[in-house]
Amino acid sequence: MNTTKKRWLPLLAAIMLVSLVLSACGSKESGSGAEGTAEKPVELIWYTIGTPQKDVNAVMEEVSKYTAEKIGVTVKMTMVDWGDYAQKLQVATASGEPIDMMFTSSWAFDYVQNARKGAFMEIDELLPKYGQGIVDALDPAFLEGSKVDGHNYGIPANKELPAQEVWRFNKQLLDKYKLGTEGIYSLDSLEPLLKTIKENEPDVYPLAVDKNQAPYVPYDYVIEKLPMAVSLKDSGLKVVNVLETPEMKAALNTMHKYYKAGYIPTEAASLDSLTDVQATGKWFMDRATSQPFADNLWSASYGYPVVSTPASEALIYNWSVMGSMQAISANSKYPEKAMEFLNLLNTDPVLRNMVDSGIEGTHYEMVGDNVMKNLDNSKNYDMPTFSLGNLFITHLNETDPADKWEGFKTFNDAGVEAPLLGFNFDTSKVTTEIAAVQNVKEEFWAALMTGTVDPEEYLTRANDKFKAAGLDKIIEEAQRQIDEWKASK
Amino acid sequence: MAVSALTKRSRDFQQLTPAWNVLFNLFAGIFAFLCVFPFLFVAVISFTDEKSLARNGYRLIPEQWSFDAYRYIFKAGDQLLRSYGVTILITVIGTAIGVVSIALFAYAISRKSFKYRNFFAFFAFFTMLFNGGLVPTYIVVTQLLGMKDTLWALILPLAVNAFYIMIMRTFFSTMVPDAIIESGKIDGAGEFGIFFKLVLPLSLPGLATISLFSVLGYWNDWFNALLYIDDPNLVPLQSMLMRIENSMQFILQNAQNASISTGLLQSMPQDTSRMAMVVLATLPIIFAYPFFQRYFVQGLTIGAVKE
Amino acid sequence: MKDIGRNKMMLLMVLPATLWFIFFSYLPMAGMVIAFKEYRYSRDGFLASILESKWVGLQNFKFLFSTNDAYIITRNTVLYNAVFIVLGLALAVLMAIVLSEIVNKRLAKLYQTGMFLPYFLSWVIVGYFAFSFLSVDRGMVNQIFAWLGFDPVSWYTNPAYWPVIIVVVFLWKSVGYNSVVYLAAIMGIDKSLYEAAMIDGANKWQQIRNITIPMLTPLMTILTLLAIGKIFYADFGLFYQVPRDSGSLYPVTNVIDTYVYRGLKTTGEIGMSTAAGLYQSFIGFILVITSNAVVRRFNKDNALF
């Protein structure tokens, strides 16, 4: 054993060395100069999220003809399905895969996290130079809110800017019991309605809650769903443990009361989703994040009328600003061209609609000035519109209200900036604590937030464990960074 | 006469007594039933009407039968057939390459006359525990070997496996008597000749086992395709299935997101469709199963006594 | 001279798989260095990224030991695996012997095929079925309980039941697959051994005890040694999907792999996940080397190397 060991150790070391050298060779390629004209366009590789569509290549061929002429680029788009996107792009960026542009957001392939790791190119200079159209089109809050350590790394899609929580109601049941939604706003105000439903409809979930939900409290979270937050009313920006705030305590008590009264599904804390009751209509109300005209979309997708009423103000959070972005890869060979393309995508209706709806006459046809109708072939090119850039220049569908985008603009203008808009926590000094705190959070969060357990008992337990895991240290670090950020503003 | 008497008596002696036989049958049968049961459920659900599934939950006899799930999948049409083709191709080629390399390696380290047998055994074993992780492997496959978006990226990373080597080595060292190898040498056969003509036929159960494992490994693999394949024409079956599965979970977990809840939930595949996909992905392999099974279930126990 | 020639042929035999190991295992192993780095991407590719990233010593390992959870996850991982190794081995061998002895081979084949089916169900789907059995309101088990007059049980919030459920689900899913190896080994046993035993008047049980089991011992030893190497690794799906990630069950379902997954969700540090893997492998490696040495002392032929 001993003698063999001596013999193979150097071999192993040699192999590792070779591997390092070899992996270095693979990545060195030189960029070139006189390309990027209509005659000699450059190819941009674009990764974006969504179920891969059959006709992507066909559409991108058309897109490329158009963009080659306009800005001297062609486009190769690769779609990666929803559930795989984050993982695939994580590996691809970490290993320096050649990519020019990619989708990123607060909820898939995390924008802030990957910007810090160096996956994206900083665009502070490229943006005004090649992307002025984007700057003009976007509400300034978009670019302000998506800054990471003071720099921009991605281009937010022009869409709904603030996030507004609403109570959604199954209108059939509202009508059946002649219930009104006036005066409904706080969690406590729901009680009479829930009671009526519980008494009369034993098969219906009065308040449909699953494990992903938490009661709304007027706080801005430092990291979403970790319990550090700043009160919306506190201009001093003091970071607190949200579980120790009076608002959260009151909300959890109410949730627990509702749970005990049977308003909330017994197994809310382990339910991934409630799509089955949404399909059958066996729910009365729930809470959701809204956007203009959402009621129409919900009603259409469930097949019965859904109405909603506000449950919070419309606030502009970091995560709502980063709901959908396109970033340029740090290793892009043609960052200027990529920026030009993104600029065109966000300002040119022809390109934007081609990318979104496909080829006119094949996938859709125009039935009005700005109104289109999907043709049968659109099933081969069905793209998630919100993920691909400026919404406000896309065609309307026949079912859309004519003033759809005006509605969005009004909604955006009315949005109020959340206190931490533009601040993104740098976790690198507290990664160990975050890992521990995250585990504590997962252990207690769903049970507490759905009202399944008694907050009197479990809040103390959770807070003790959070402290032991180092929550205070994270809060301290966050406070330090926030103070610095505030001073620099 | 004497021979047949012996055969008869020995067969009786060989066999379990009827009481034990019944007990063994019950034991294996009940366990097998418990294993088949959920699968039956999967099949039934795949033929259930989506609405009645949402209303009643899982039921063995659904309120309303429906072929919608299969219709939904077959809408993809050629994509499905293509994926079947890719899966079968990589399974066949991969298993062939893998089993040959594994058997050769395992045989060598099973031979006491091989001076470096312990070094190579360790060399293989070490890889079972330590690996560099996703990113370095990805770089080797895509940048060093340049296999991105090729079938090789689906075949080679799964071809060899130290676990199978260790199993196969044990089969060789317990099933192949040294005397046979010696006799081969006396007959003047080379090492490869001995291996192919004398050793392999004796190790058929072992070969069948690792071939089966290898086939299953390829058949069920989806992760390599997730990493290395962008071209929809090269996506194997399980990868297609897992992609839909993962995306469904992801979308549900992000249902609070306004853009997702308003835009995507409706176009999502339904519960019944994913069950149908499980059925479609499993059936072919169940039909191929008996081919391997005859090497390790039927055996030669009864016949051997007569000789 | 003859000796070298023979080794040459043998070296030729190991060549293909050796090349494979170099490319697909040993080359990527260089990446383990990430475990000691705060990995940041460089635009010049992977090598540059590694070189330019900051050394952080053992910082990336710290999160595995920083809280009381460290004890719980280690205990859970090791204990479950120990039970899996022992019961898994016993049941797989038992099932192989039972199947090999059943008189009607057609039935034996049928059973054996059936046992294989769970292997094809992903943990996600197994999780759905577990839920359809164990759900409080609609679960089959509670419906049966109600019918029998028992109180319904809230399965997903009560940790007491889960050690048993986890073990049962594991065995259910793995026995069919694991018994194949032993079944094949039984088929490969030289029949003359049984003949000789019969002539000596040994009955069935004596044959099983004195021939079948000893002939399976090398395989059992090897497979157990290999399983010991993985004792710090847990099957993620079994501990995450099947209990539906229910927080109240963490005291008995949180294992190293789930802990790492949850802990790195926010930061996604590759360095930390690599560190976790290295730690798991390293402990496993030590354990295998030790147990292999013990095995060698008893029987050199049964050892791994």
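For this structure, a couple of remarks:
Going by the order they are written in, the chains are A, B and C; count residues from 1 in each one.
Here is the rule we use: contacts are C-beta pairs under 8 Å (C-beta built on N, C-alpha and C of every residue); 3 or more make two chains touch, one makes a residue touch a chain.
Owing to the predicted nature of the structure, the values given are computational and were not obtained by experimental measurement.
Seen from the C-alpha centroid of chain C, the farthest chain centroid is that of A. Comparing the chain pairs A-C and B-C, the larger number of C-beta pairs in contact belongs to B-C.
Annotation: 36 Å between the Cα-based centres of chain A and chain C. Computed from the mean C-alpha positions, the centre of chain B lies at a distance of 16 Å from the centre of chain C. Among the residues of chain B, those touching two or more other chains are numbered 118, 122-123, 135-136, 139-140, 143-144, 245, 249.
Listed for chain A are residues 19, 22-23, 26-27, 94-96, 272, each touching two or more other chains. In chain C, the residues that reach two or more other chains under the touch definition are 26-30, 45-46, 270.
By the touch criterion given at the top, residues 50-51, 53-55, 79, 118-119, 122-123, 134-136, 138-140, 142-144, 226-227, 230, 232, 243-259, 261-267, 271 of chain B touch chain A in their complex. The part of chain A that touches chain C in the complex is made up of residues 12, 15-16, 18-20, 22-24, 26-28, 90, 93-96, 110, 113-114, 117-119, 121, 223, 226, 266-267, 269-270, 272, 330-331, 427-428, 431-436, 438-439, 442-447, 452-453, 468-470. Residues 1, 4, 7-8, 19, 22-23, 26-27, 51-52, 54, 78, 80-84, 87-88, 91-92, 94-97, 107-108, 159-160, 163, 212-213, 272-273, 275-277, 279-280, 288-291, 294, 297-298, 300-301, 323-324, 382, 384-387 of chain A touch chain B in their complex.
If you check the complex, the residues on chain C that touch chain A are 22, 26-30, 38-50, 59, 62-63, 66-69, 135-137, 154, 156-157, 244-248, 250, 254, 259-260, 262-270, 272. Those residues of chain B whose C-beta lies close enough to touch chain C in the complex are 10, 13-16, 20-21, 24-25, 27-29, 31-36, 38-39, 41-42, 57-58, 100-102, 104-105, 107-109, 111, 113-116, 118, 120-133, 135-137, 139-141, 143-145, 156-157, 159-160, 162-163, 165-167, 170-171, 173-175, 177, 190-192, 195, 202-203, 205-206, 208-209, 212-213, 216, 220, 242, 245, 249, 274-275, 278, 281-282, 285-286, 289-290, 293, 295-301, 304-305.
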